[in-house]
Every structure is written in structure tokens, then in C-alpha cells.
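You will see chain A twice below: alongside chain B first, and alongside chain C after that.
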Partner chain A sequence: MDVAFFQTFWISIKLATLTTIILFCTGIPIAYFLTYSAFRAKIILQALISVPLVLPPSVLGFYLLIAFSPNYFFGHFLDRYFDVRLAFSFAGILIGSIIFNLPFMVNSIQSGLSNLPVSLKDASYTLGKSRMTTLFRVLLPNIKPALFTGIFLTFAHTLGEFGVILMIGGNIPGKTRVASIAVYDEVQALNFDTANKYSVFLLLFSFFILLVVYSVNREFLKWKRF
Partner chain B sequence: MKGIRFLLLVAGLFLINTLTAQKITIAAASDLRYALNEIRDEFKKSYPGITIDIIYGASGNLYQQIVNQAPFDVFFSADLTYAEKLDSLNLAGSKPKLYATGHLVLWSASRDVSGGIESLKNSDVNKIAIANPAVAPYGLRAIECLKYYKLYDEVKEKLVQGENVSQAAQFVLTGNAEIGIIALSLALSPGMMNRGKFTLIAEISYSELKQAYVIMKHPETPDAVLKFTRFLEKEQAKKIFEKYGFKLPAE
Partner chain C sequence: MEKILIDLQVKKAIHTSGGNEILDVKIQIPQFGFVTVFGKSGVGKTTLLRIIAGLTRPDSGYLIVGDEVWFDSIKKINRKPQERNIGFVFQDYALFPNMTLKEHLLYARPQKEKKYVSELLDLFHLRGLCEKKPGKLSGGQQQRLAVARALARKPQILLLDEPLSAIDSETRTMLQSEIIQAHKTFHATTLLVSHDVSEVSRLSDFVYVIDKGTIISQGRPADIFNKPVYS
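Let's look at the complex of A and B:
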């Protein structure tokens, strides 16, 4: 186990943690809107959010490369006025990762919310509680397993991200070289031992996370029966 | 009845097709993307019955795939070493044959690279694209050259690696990196030619990019493969290599 190994994993874990935190904060209002809003065009938003589930990562990678490029409008704007260049930076892969994981977080929370009986929300309103209080004190505590699922799936899925980062990361050690890319790199360079080190770690980690998700959900179901 | 007859006809046509059509699958270094495609098109004019599929990638990646039994008939490496390694592993059916020598260039769409390698030092250069040195001969040469000019430590924070030299070229072409150290053959490709400027890097600064191919042990269609490799010796093919800046091996 050397410095490069830990550095690479640290980048992976940092990326996964930040992606999860940001998506958790933005995912709740989006899921809330999608569940309760009467706005008819919300179906479009719903479809848009789920697009990354079926979209090849290379498509996202391609558009992000174009978006980040100073030759085109968005990248030029960032470069010119904010002196920011997103390609080959940690911020760039974080943006890719947030877009790519959006459905994992939003869909989990949304399915939690839509499985709650409407009476729960109505009761809270009848008792004079505000929308905010209802959301934070009544709704969210009742969908804990959905929240856990969203958090853990997003985290685990970010660790497994590969295609987008391969296209926009530039493989910079300490910045954009994540564990999944390192595996690919080491295999291509025929360093099977190192590739194996990364892989075993990723495999165990993914397994462990899913184990946690399933046990939390089972506990919650048990509790619900009483 | 009619349906069955039709099916038989279709099946028969497929059979004839597979019996007569000859196919060659080639693995080739990314720097050959334009040259080899053009040679293939020329070849096709003389031998319309032979189909050629070419898979491009970093020589090291392709080498790795071949070691793991990828079904290629010929391997065009950007570096003699990979071809020799296949030979020493007893995976090649022919001795490595040199076909061209490649060159490194500095390429940029937005920065002035006429000053040569020193232009990498400019403070308005944030990212320098190279190919992954672990698997791409052009990447390895880029590092050698930076070390030769004692610039490596100064610019290493700015280096971004493409998976192969084509991806490095794409990084500079899209402007995501300001300067790229890439293959001359790509700089001379139609897609890049008028979109930026390039400067040749002095050959003294990196070990020669001697490019060699090997025929695999059991090509699917040995005759077709032989026809193609013979075609490479012809004037038409040589001209295309030269057009893309390759130096041909001395006879």
C-alpha cells in the first residue's frame, strides 16, 4: 500500500462524499416537488432527471467536454469572467458526477414520499403545522429507509463511475485520478497486482454498502409491522 | 411455403457472402488513424472483395488486448518495443517489420507555439495534453522530451493525459488544454490542419518513434493479410504515409 494508492482512494471517497451531500440537499426539494406538485409539465422534469439512468456515460462526457471548452459559450464565459476552467479539474468531475447520480438520489426519495399515506401530511396541516415543519418533522422522518437508500446508492454509484471521468478527467494523480480509472490504467499497463489491490477494495466496499442498505431497509420493515 | 423459400434464399445469400468475403481485422496505434484509413480506401479500390476493420487505440492498450487473445490479424504498433514483445511471447506470426517513423509536435489552437518547447513555460498555459505514458508511445516520448529540456518538474502539474494520442489531440482541439504534445500525423489530419498551429519538436529530445507491425499467428484470412501488407510496400501507400509526416524506413 503506497501513497498513490491512498491518494487515489481519497479522491474517490472525496468525490463520492461531496456528490452525496450536494445531491441530498438538492434531491429533497426536487423529489418533494415531483411528488406533491400539481404542475402538469413536471413529467418532463421527471424524465429529464432519469435520463442519466439510460444515457451512455460517453454522451454526457462528450457534452461536458464541449460545455467546459473555452471555444464554446459556457466554457468561454466561465474562463473570461470567473477565470474557471472545469475540464480536467476536480470541480469538473464533481459536476459530471452530480448530473450522473441525480436519478439515484431523487428517485429514491421520491418513491419514499409517494409511498406515504396522504393522510399523514393532511393531519399535520390540520394540526396547524407549516409546510416546512411537516416536511422536516413528519415526512422525512417517516421515509428514513428511502433517504438511506438514496445516500448509500449515490455514494456507491459514484465510486463506480468510470466513463464520464475517463472523458473529462485527464487522469491527473491527486486531482482527477479516481480508483475506477486507476484499475483500468493498471490493467492496460499490465500491472495486474496493483489493479487487483484497487479492485478488491472496491468490490468489498460496494458489497458492504449494499449490505448496509438491505439491512437498514429490513429493520425498518420489521419495525413498521408493529 | 413461399416464406420458407424466401428464408432459404436469404440464408443461401448469407452463406455465399461469408464464403467469398474476406475480412481483415487490424489493431493500430492511434497516430495512424488518418493515414491507415486512407491506405485502406486505396487498397479497397484494388481489392474490393476484402473488408478491413481497423481498431485504433494506444499501442500498449492494444498490446494488452492481444496478449489476452483479442482476435486481431495484424498489429500496427507506434513503437517497435510492443511488436518485439509480442514476438518474444511467441504470439506473432511474423518478425516485426518497420513501416514508418513518427514525430512529436507541439500543437495549439490558441497559443503561439512557434517558440518551440519554451512556449510551455508561459503562464497563460494551464493545461498541456499528452498521451498516457504508461500505454502510449507518444506519451512516453513526450515525457522524455520534457525531461530532456528539464521542463518536466516545472510543467508536470499542468499535464493532462489522454487515454491515447488521439484523445490528447482532442483535448487541445476542443481547447480544454491550451497546448498538446501530439503526433505529427494527427496535426496533419484534415480535422486539425486548419484549426491550429504546430511546431516540430527536435528529435534529439526523445527516442526515435520507430513504428512496426506484426502479423498475428493465425490470421483469419492469411491471403488477404498478405495482400494488404504487400500493398504497404507500394508507392501509393508510401505516399500516404509521407503525406501524414511519417518518415519511411530506409530500404
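Let's look at the complex of A and C:
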């Protein structure tokens, strides 16, 4: 195994870790809003967040590439005023990855919150506790499996991303080349051994993550029973 | 003459099993009183408690507690539940699965008052169960914890939403005694929602009978329940 192999995996893991951390922090308030807000138009936000679940990744990647291009408004704005170019950069694939994985984190947390009896939140309010205290002391501790599922699924799904990253980031070694793209690239170059190394690692890693998700959920169900 | 603590007159459109109704009630509850709202399921009893707690907003009306206005649709006053000094015992108890019994009481109390928590543990016979989580408590113990937690905040008003409906008759009699004892000890003006005639007769000193969203009769339990319709 050479430096390029580890470098590619390092980019994959860095991308997955940053995507997961950012989505965990933003997913909680979004899921809270979608669960408890009486705002009727929230259904539009819900649909927008879930679009990546049904949209071909290449379509999302294509529009993000257009948006990041200095020839169009957003890319031009970033380039001119902040000297930032997102196309074919790590920051660009990170943004694409965050948008693409939004439903995995938000839907998991939202499902956890929706399954909690509303009376838990009400009870905390009647005890004089603020929304923030209620969220951190009562709601989140009681949806741990949903939080773990959101974290692990987002992480694993980012590792397996292909279309969006290829469209936005291309395949630049040491910069935007991730493991899933490396498999494709090595097969194109008829390097089946190297492609196999990447694939085995991705396969084992994905399996391990799902194993953790199911184990954690099983332990939590036991804990709830007693 | 008794001092009125809760003066409530509200209207609220509600969805019941029998269709859409308008909850339209006017009730007055004396300070330190134990008053029951009696009626069948789905007539708006729980909604009434939620309105007092600030968990449900009425369409119109007012709620005055002591000399404070908690809700007034004309003056656009609506205090948050956190700003209303109440204790609420939910029908499903709403205990927090992640907290032990003691953590529930520590979470609920306003300041570091260890002595008060200790008093509650003794009154409700919960001292030996401090480290247990709700899932390991019996139905009766969960109910005791729900009442103790509601009282831990030292509320001015205690709201009980059919708290004994899921408990066997023997435990229920014991818990009724504990609720009476707690009412005497902590002097919280108490409003109970129930559809159990014997429970209402034993616990409360005044009853409002509610049906299809309106109060159809009111009086002392002995006067109300001696009518042929309840015998």
C-alpha cells in the first residue's frame, strides 16, 4: 500500500468526518423545527431536504458545479469578493457532501423526535425549563439511537459518495480524490488489484458501521425495557 | 368568603370523538381548594388543564390567577408555561426515561433545596427507589413520582389529568390518600380531571360537570352525585 492509497483514504475520512460534524450541529435545529413548528410551509423545507434521496447525484453535482463556476452569479460573487473558488476544491466537495447527506441526518433525528411522546416536552416546560434545557436534558438524551443512526449513516454514506464528488471535485489526487472515485479510476486503468484494495476497505468499513448502528439500537431497546 | 385564586373564562374550538365542539367554560377556583372537572372522555377536560398550564392557547377569553393575568385574548397577554407557577401530572405521567427517580426531582426543583426533595421522597414512599429509572418502577410508583415531580417546583396550582386511571383499585385508594396528604402539606390549589365518581367524591370539595364543551352543573360532590343520573 503506497502513499497515494493512504492519502485518498485520508481525504475520504476527513470529508466524512467534517460532513458528519457539520450536519450533526445543523441537523438538530432543523429536525427540531420540522418536528415541533406549527409553520405550515415547513412541508416545502421537508421536501427540499429530501430531494437528494431521489435526485440522481450527477444532477445535484451538475447544478452545484454551475453555482460554483465563476461564470455564474454565486461563483463570481465568491471569487470577486472573497477570492474563493469552490469548483474542484475540497471545500466544494464538502459543501456538496453536506447538501447531499442532509436527509440522512435530519430524517433520522426528526424520526427520533417524532416518536417521543409530546408530553415529555410539555412536562419539562411545566417544570419551568426553557426550550434549550428541555432539548439538551430531556429530548436528545431520549433519542440516542436516532442520533447514532444519523451520525453513522451520514458518515458511511459520505464515504460511498460518487456522483456529486466526481461532478464538483473531479478526481484530483491529494485534493478531491476519494476512495469511491479511486475504485472507478483504477478499474478504468485496468489496475484491478488496487481497485480491489479500495473496495475491500470500503466494504468492511461500511459493514462495521452498520454493525455498530444495529448493536447500539439493540442495547438501547434493552435499556428502555428496564 | 373564600379568596378566588383562578378565574377562568375561555372559548376554544376542539376536536372530539363526537366531532368538532366549542369548549366554552367559566370556572372559579378558591385558593387552596381541591376542585374537580368531571365528565366523560373527549369532552374537553384535558384541554382545560392544558389551557391553564399554557400548553394550549384558547381562541378567546381570559385567565387570571391571584392578581396576575396569565392569558387575555383582548390585551394579547399569554404567559409561557415556564412563567406559570404550576405542577402538571399528565395522564401518561410523562416521566423522562433517561433520568433516575432522584434526578427527576432534582431537575424539577427550582433551587438547591435538598431538604424539600427529601420531604417529597418520604411523603410518597420513594426513598428506597432513588436510583431507579421509570422503566423499573411499578405503575403506582410511577404515579407517585409524577405527583412528587409536579410538586417539586413548589407550584401554586397543581393540575392532575386523570392520574389514577391506569392503576388497580387497591393502589388507587392508597394513592388517593397520598394525594390528599400532599394537598394538605403543600397547600397547592388543586384541579383534578376525572370521570370516576368515587374518586371525585373522596378527593374534591367542589365539582364542575362538563359535557360537550360546556359546564352543565356545579356544586359539592355530595349534591352533584346524589342525583339519580349518577346513582
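Following the convention adopted for this analysis, the second predicted complex is superposed on the first by the 226 of 226 C-alpha atoms of A that agree within 3 Å, B and C clash if a C-alpha of one lies under 4 Å from a C-alpha of the other, contacts with A are read in each partner's own complex, and residues count from 1 in each chain.
Here is the rule we go by: a contact is a pair of C-beta atoms (placed from the backbone, for glycine too) under 8 Å apart; a residue touches a chain by one contact, two chains touch by 3 or more.
Everything quoted here is computed from the prediction, not taken from an experiment.
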Three-chain arrangement built on chain A, chain B and chain C clash or fit: fit
For chain A as apex, the angle formed with chain B and chain C - C-alpha centres, to the nearest 10 degrees: 150
Chain B versus chain C as contact partner of A:R40, first or second or both or neither: neither
Chain C versus chain B - closest C-alpha approach in the superposed model, Å: 50
On chain A, the residue positions that both chain B and chain C contact, one per complex: none
Chain A partner contacts - residues on chain B that touch it in the complex: 58, 60-61, 64, 67, 109-110, 126-127, 129, 132, 134-135, 159-163, 170-171, 174-177
Chain A-facing residues of chain C, complex: 50, 53-55, 80-82, 84, 86-88, 90, 92, 94-98, 107-108, 110, 133, 135-136, 149-150, 152-153
Chain A residues touching chain C - in the complex, by the definition given at the top: 117, 119-120, 122-130, 137-138, 141-142, 223-226
Footprint of chain B on chain A - complex, ascending: 65-66, 68-71, 75, 85, 87-88, 166, 170-172, 185, 187-190
